[in-house]
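The following blocks contain the structures, represented as structure tokens.
Look for chain A in each of the two complexes below; its partner is chain B in the first and chain C in the second.
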Partner chain A sequence: MQPLLSGKRVLVTGGSRGLGRAICQVFARQGARVAFTYNKNEAAAAEVLETIAAEGGQALAERCSVLDAKGTAALVKRLEADWGGIDVLVNNAGITQNLPLALLEEEDWDLVMDTNVKGAFLSSRAVLRGMIRRKEGGVILTMGSLAGVRMLEAPIHYCASKAALVGFSYALAKEVARYKIRVHCLAPGLLEGGVGIKVPDHRLKDYLDNCALGRLGTFEEVAELAALMASDRASYLSGEVVVADGGL
Partner chain B sequence: MTPPESETCGVTDARNVHRTFTFTDDAANREVFHSFSRTTCGECAKLIDGMRVIRDGQVFLKKNCPQHGKQEALISGDAKWFLRSLQFTSKGSQPHVYSTEVKDGCPTDCGLCPDHEQHSCLPIIEITNHCNLECPICIVQNRHNYEMTVDEFRGIIDGLIEKEGTLDTVNLSGGEPTMHSQFMELLDIANRPEISRVSISTNGLKCATDYAFCEALAERNTYVNLQLDALDLPGLQSLRGSGDHATLKKKALLNLEKAGVRTTIVSTVAKGVNDHQIGECVKLLLENDFILSLMFQPAAYTGYGGRHFLPHDPKNTITIPDVVREIETQTEGQFVQSDFMPLPCSHPGCFGLTYLLKTEDGYVPFPRFLDLDRYIDAVENRGTMRPDARLEGAMRDAIDDLWTSQDAIPDSEKILKTLKGAIRLMYPEDEALKIEERVRRGEGVVKTIFMHAFMDLHTFEVDRIKKCCTHYAMPDGRLMPGCAYNLFYRDKDPRYGGEIGSTEIWGAAEESQGTRLPTAAE
Partner chain C sequence: MRAAADFKAFGAHVNPGLARFLTITDRDLRFVRGEGLTLWDAGGERHEDWIGGFGALPFGHSPPGFAELIADHLQSQAPNLYSEHLNPFAGALARDLVAAAGAELETAYLCNSGSEAVEAAIKLAVRVTGRGRIVYAKGGYHGTTCGALSCMAEGMYREGFEPLLADHTPVSFGDLQALEAALAGGEAAAFLLEPIQVEAGLRFADPDYLSSARELCDRHGALLILDEVQTGLGRTGAAFAFQDLGVRPDVVCLAKALGAGLVPIGATLVGAGLWAKAYGSIRTCEVHESTMGGNGLACVVAREALRRLIEPEFLASVRARGEALFSALEAEVGASPLVESVRGRGLLGGVALREPDHPWLSWDAFDLEELSGEPLSGPLLVDRLGRRGILGQVCGHDWSVLRVAPPLIVDEESCARFVSAVGAGVRFLEERQ
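And then the complex of A and B:
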């Protein structure tokens, strides 16, 4: 059977660590050409490139904040020139801060909302310009969170940003459907090494007690699901929020 | 006629009966019966009945031994503190396994028996009874003839984990524990995932003279409880025997700081000897980041100290509220009595404490911004703060209170800023931390002042020992409540039987042979 993403040209934001790294590696393993951005950690980005190369995949990395609109647009333009287009954008870059309402200051709110929501908007806008022009379809896959779709004990700015991405994905799916561009939101629950590392231990226990599978997810598991959603095998899936939480 | 002023304290006991105590001016001026107690004769250690009375604003324990007659001992230097402290009694937590049965009643069934009302917050393992100091105030009786085997030690650690599941702290003591010939091996055995921290109680001589030893402690994340009664005091030899203790402690502190060893200062306070140095010890705590906590231990007159620190008057000693009063006076009101409270997990007569939050402008005691009920809940059944559900709940309440009452609570903005910084430190955005690492990071912004009052034969009370959470862990599996062991079991412990051995006593050697400590430059 042909790999899921054979021949696909993919841009992943925030690909040097955690879930983004797993997405890059799984997508490359599934036959995609992968470009990813990273914000600070050059060494981690180099590791991802090495891993993908060792597995026979193709990838390139570019240091670029998702809040850098010009930089993002320039990267997209260059990729389109080199590759002839981008088929899949994965809006993965995001941050959180484990702060209660009383300690949340305006700059904290702005930083999280900007990175998580505005960043997805800027990257999507840059990529959609070419996707729409080429009229070959495409996929915008945005990483949400269980915290954006369920009532959880989690920082409100983070939850608000992830909920915003749900609305963003719904509206965008409708707007670009006429160009055969599918838009999804994938909302993971707690993952080993993910935002769960900031969750106090007693809340982790609470999560595990209520999770049908009784364990945290892994980056790999979510990345495999993301690959399926980005592939042509999910061709009738659009405007969907898929929750991968082990059964809560 | 104007009625006397009164102060009322309420307490709900284990049977859920609410009782109220009223402290009146009248009670301050004459002797008032408070309650019955089961105690010991100060001479022969026989268990006898006693009663607590309030007189002159203090609380005394009165008793009458058939053989040695009437006796009296001070058990609280502040009757109001004593009455208030009764509100803090909380139900204890039970160990998973008991080692003895109830047979003849407390304190003769120790080990723990099912009648004991608290688990082990702090197990102490005495790994040797050799000591290179001969302190006149020492509460144990070192016979210099015992060293615990590695197998015995491993068995104790296994047993503690079986009984408790997980432990906040295990303490290695002695004697002088650093004299054990396989000391580092024992530390490595105690470094188990079920044990959050391993501490040692030391006189500091090894730390002062062997910097590599301090580095080895730091590598193992070992906490050091350094015995230090005062920094510079000519009369210190009356507590610690011969030798230049001031230089010893300063060098030990230098080495511990340089090596990055997290340190607790343990100060034994004897009335009229070093109680005027309490403020200096607090200053030492506040001025040094590597010193996490300060423990004041009002002197108990038992063991070696019972015979060598004489004469002393049991009616004129220093107690926990006296230490608190001295802290208030000697810090010129930086910390006040209301900043301190008894530790609910033990008997309120045994422990007092406060936590201090480090802000950019100094230290703020937790009770000034944390609701007291939630605060009690947070420290119940242990002496250390851990970032668990109860502490999170208490802290979130505190944060909301501070935020919504910023004009009413002094320093609220600074406290909030500190708490925000602490949260970011303990829950970083890109790093997975174990709970122990979170605790360690939290230690950078929180310091603790403890007071731990040991009992001697004059002050021993059965209801206090039943709530004891400081236990000696024995090779035979028993956990002996500290004061019960020191008063009734230590002299019969077969480990310490036989001929008394010998150890070179540091201070004596210094005087007779010119032994000296290296200077800081060395």
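And then the complex of A and C:
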């Protein structure tokens, strides 16, 4: 069987660590040409490139904040020039802060909302410009969170940002459907090594007690699902929020 | 940083509980480089280290000159261990230590930590006096080995380890009547205390209290042991805190700064004739020993650290910097309703806080119910400092006090940033309550 993403040209934001790293690796394994951005950790980015290259994949990394609109636009233009276009954008870059309401400051709110929501908007707008012009369709896959679709005890600015991405995905799906561009939001539950590592033990236990599969997910599992959603095999899927939480 | 480092393995194989706590509280920073007060994390962010290894980093991280000193020593191929032979490096260090201390101290037992230095002091006192009871000041922190812990009256360090050593007797810090009563039976081998109780929230012994304690010890045949693990070696602006307090101890315990943050070392300085009385015979001369204690490398580093720490100009700079720092802190936050007091001597002090009065500022509200009962004010201020890139910590026995004990090489700009951050943090908490 042909790899899921054979020949696809993919840009992943925030690809040097965690889920973003797994997405880059799985997408490359599934035949995609992958470019990813990272914010600071050059060594981590180099590791991802090495891993992908060792598996025979193709990838490149660029240091660029998702809040750097000019930098993002320049990167997209360069990729379009080199590759002839971008087929898939994965809005993965995001942050959280483990802050209760009492300690939350306006600047914290702005930082998380900007990075998680405005960042997805800026990257999507940059990619969609060329994607729409080429009339070849495409996929915008945005990483949400269970915290954006369920009532959880989690930092409110993080939850608000992830909920905003749901609305963002719904509206964008409708707006760009006419260009055969599909837009999804993938909302994982707690993952090993993910933001869930900051959850206190008793809340982790609650999660596991109520999770049908009785365990945390892995980055790889979510990345595999992301690859399917980004592939042509999910061609009738759009405007959907897919929750991957092991059955909560 | 070299490849042998593995941050993840710390959580799995060293201290899972600490790793988890740091993760939950967003303090799981991964430092890869340090110089002076500055630490750089893996993402290249700078942080300013005001914890300073709890006093063990007098010259900050990567102190200049020590790498060369260590390399020279190792390249000389001098033996590092002298298991059953004369150790010239231990000799040189011990000679310099007792010379710096004065006060008729003549012998230095060399070990690997402050706890060990206290253990050695306790055993020596028992051996010298033939008595088994140690009287100690409540609120002190002397280490976490069984003997040292037996001289810590209460708190989480002690919980779950009792009964520990029998007969050790706590007395209130500063209470001479209680001390006299505890010593009066003639069963006490020693009175053990710190001249400044750091972990109790920076409680300073009065010189009169110490001189009276000296008299009481003499009257009842007990030794006076001063734990200067945190206060000694320049921290208060004197070579040893006891020198400024006008008291003559029989035994002084040292560690932390002595190793310059590079080697584990502790020392127990012992008064004239006492070591000989305890361990002077051929039969007993090796009954209290440490395999690595006094190893050549540690002694070479410690001797250089000592040389730098007791230079008069260096001590004067510590006094001047400390006076400016604590004056500035007082001016910045002294009038705040959340601040009980600002106190310090040399570069050792604290900001004592009152608890904020709002239910949303509580351990329960932060989902850390297991810490209920502990003060939250200090940890909250530490958190605020962290958000400005300053690493701080509270006192171990009293979390309502922010400890202020930076590396002794701290400069004016760093102090200004710290004072500003403390001010911003206190004002933030005022607004939130």
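Just so we're on the same page, the second predicted complex is superposed on the first by the 248 of 248 C-alpha atoms of A that agree within 3 Å, B and C clash if a C-alpha of one lies under 4 Å from a C-alpha of the other, contacts with A are read in each partner's own complex, and residues count from 1 in each chain.
As a convention for this text, a contact is a pair of C-beta atoms (placed from the backbone, for glycine too) under 8 Å apart; a residue touches a chain by one contact, two chains touch by 3 or more.
The model shown is predicted, which means the values in this text are computed figures rather than measured ones.
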item	value
Partners on chain A (chain B, chain C) - clash or fit	clash
Which superposed partner A:17 touches (first chain B, second chain C, both, neither)	first
Touching partner for A:98 - first (chain B), second (chain C), both, neither	both
Chain B versus chain C as contact partner of A:43, first or second or both or neither	second
Touching partner for A:200 - first (chain B), second (chain C), both, neither	both
Which superposed partner A:81 touches (first chain B, second chain C, both, neither)	neither
Contacts of A:54 with chain B and chain C, given as first, second, both or neither	neither
Among 148-156, 346-354, 436-444 or 490-498 on chain B, the segment whose C-alpha atoms clash with chain C after superposition	436-444
Overlap of the chain B and chain C footprints on chain A, listed as residue numbers	97-103, 197-198, 200-201, 203
Sites on chain B touched by chain A in the complex	387-389, 392, 396, 399-400, 402-404, 416, 419-420, 423-424, 427-433, 435
Complex interface listing, chain A residues touching chain C	39-41, 43, 97-103, 153, 197-201, 203
List of chain C residues in touch with chain A within their complex	20, 23-26, 42-45, 358, 360-361, 365-368, 380, 383, 432
Parts of chain A lying in touch with chain B, wherever the complex brings them together	17, 95-103, 193, 197-198, 200-203
